[in-house]
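Labels A, B, C and D are assigned to the chains in the order they are written; within every chain, residues are numbered from 1.
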Amino acid sequence: MFTQKITPRFGETDALGHITNTAFPCWFEQARNPIFKIFNPDLDFNKLNLILVHMEFDFLAETFLKDEVEIRTYIDKIGNTSFTISHEAWQNDIKKATGKVVIVYLNSETKKPLSIPDKYKTKLKEHFKKD
Amino acid sequence: MFTQKITPRFGETDALGHITNTAFPCWFEQARNPIFKIFNPDLDFNKLNLILVHMEFDFLAETFLKDEVEIRTYIDKIGNTSFTISHEAWQNDIKKATGKVVIVYLNSETKKPLSIPDKYKTKLKEHFKKD
Amino acid sequence: MFTQKITPRFGETDALGHITNTAFPCWFEQARNPIFKIFNPDLDFNKLNLILVHMEFDFLAETFLKDEVEIRTYIDKIGNTSFTISHEAWQNDIKKATGKVVIVYLNSETKKPLSIPDKYKTKLKEHFKKD
Amino acid sequence: MFTQKITPRFGETDALGHITNTAFPCWFEQARNPIFKIFNPDLDFNKLNLILVHMEFDFLAETFLKDEVEIRTYIDKIGNTSFTISHEAWQNDIKKATGKVVIVYLNSETKKPLSIPDKYKTKLKEHFKKD
């Protein structure tokens, strides 16, 4: 599991008085920074070898400005050329939202999918969700 | 079908040189304004009767800053208390991304789901995707 | 004058029920696209020759989700290596916010300021505010 | 001084490969949360008694995705009905950007400016910049 603390921003609220849906893709993306660093420790974009092809979100309860949010991030599945990451947003011990993204590993020049090398798979597997 | 033209913003690009994933939830949300107005013509938040419970996105090709994007929005399915909206982002006649959201109709005070009144269903049905 | 119509997005509202301050920098940036195209018609980032060094905003009245906003953009001042752009956000014939940004023209490789060529100055001058 | 650590988000980069200008208003706003809590500990929007009327930003150097940013926030000036806050964004011991905002204290019902009560002035003064 990776954890990322989020201090909600006033501009991330909406007219209903709670955190707006469109903030969650940004929060979950921030929580993936350590996963990108597994593949690309210097975050050198010229060698970028990962692309996000799918993302989804389920909203379970309202999230508020006032209190810190913790994003818990797991590796869900590892395929040959892609892997799935799951996210949970917790606030005051309540799971407020969940999400999943699918990332493809590719050759940064040809943009063709590549088999994920074992050294990366091993590191990803350390972050499977434990029951 | 509803259509919404989007002029991409420079801040919506990312370090890979194309439009960043997190812009699409905002674009698709903008494209849903006319659907919210079906239920709530004055966009009066004190009477808000719709809540988004799920959203998902598939990225098919890179989207660029330079050219206008057209968001095409359809009603996908209408259930008893919820309905599904689908979105497509087109740029230069290429479908760059798609998405779906699920919206629940509820009592704005009790926050309980309600059956969608027929008058709204009729208006939504005008926007089913035609083959 | 350049004009850009903005359809406010729900996620651009905040918990006070109107458009949040942080949306305006994004709106004004979108309104500058035609100015960037004067210098760089293809928006080719490898040849980017402009950099924003200052921006400021004054909020005069609340802006609402419901109605379209028009951003009016003028060239304010042209110096040797920099120029100033001013923006106004209008909604329902009321000036809601204003802003200014200072842009420096530079050599895209050395990142040193350069004198703005006369051909660009001429085009910029067409967009001075008329009394 | 208030300090707020920021983990830059990939979506906050732009096509030039560094953090985009429009991220800074959001970062500085997040850094003001403790100031809002001085006036409104529960962040209850129905009693909101502060409004931002001006904001400005100066960009001194490029900010990168890779490393954490620290926002340092000071109270600059306290007037009768308004006060000025200044912000600095530091990354790797380099000051990358600065900003200022002007906040007006008002009656949350009439929206008229009010004299700032001494109890708040005292708390604000603890955060003046020391030489």
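As a convention for this text, contacts are C-beta pairs under 8 Å (C-beta built on N, C-alpha and C of every residue); 3 or more make two chains touch, one makes a residue touch a chain.
Since we're looking at a predicted model, the values are computed, not measured.
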Of all other chains, the one whose Cα centre sits farthest from chain A: C
Cα-centroid distance, chain B relative to chain D, in whole angstrom: 33
Cα-centroid distance, chain A relative to chain D, in whole angstrom: 28
Whole-Å gap separating chain C and chain D, where each centre is the average of the chain's CA atoms: 22
Residues of chain D whose C-beta touches two or more other chains: 9-11, 15-17, 21-22, 25-26, 29, 45, 65
Chain contact topology (line, ring, star, complete or other): complete
Residue ranges of chain A touching chain B (in the complex, touch as defined): 15-16, 21-22, 25-26, 29, 45, 48, 51-59
Complex contacts: residues of chain D adjacent to chain B: 9-11, 13-18, 20-23, 65
Complex contact set, residues of chain A against chain D: 4, 7, 9-11, 17, 25-26, 29-30, 32-33, 36, 42-43, 45, 65-66
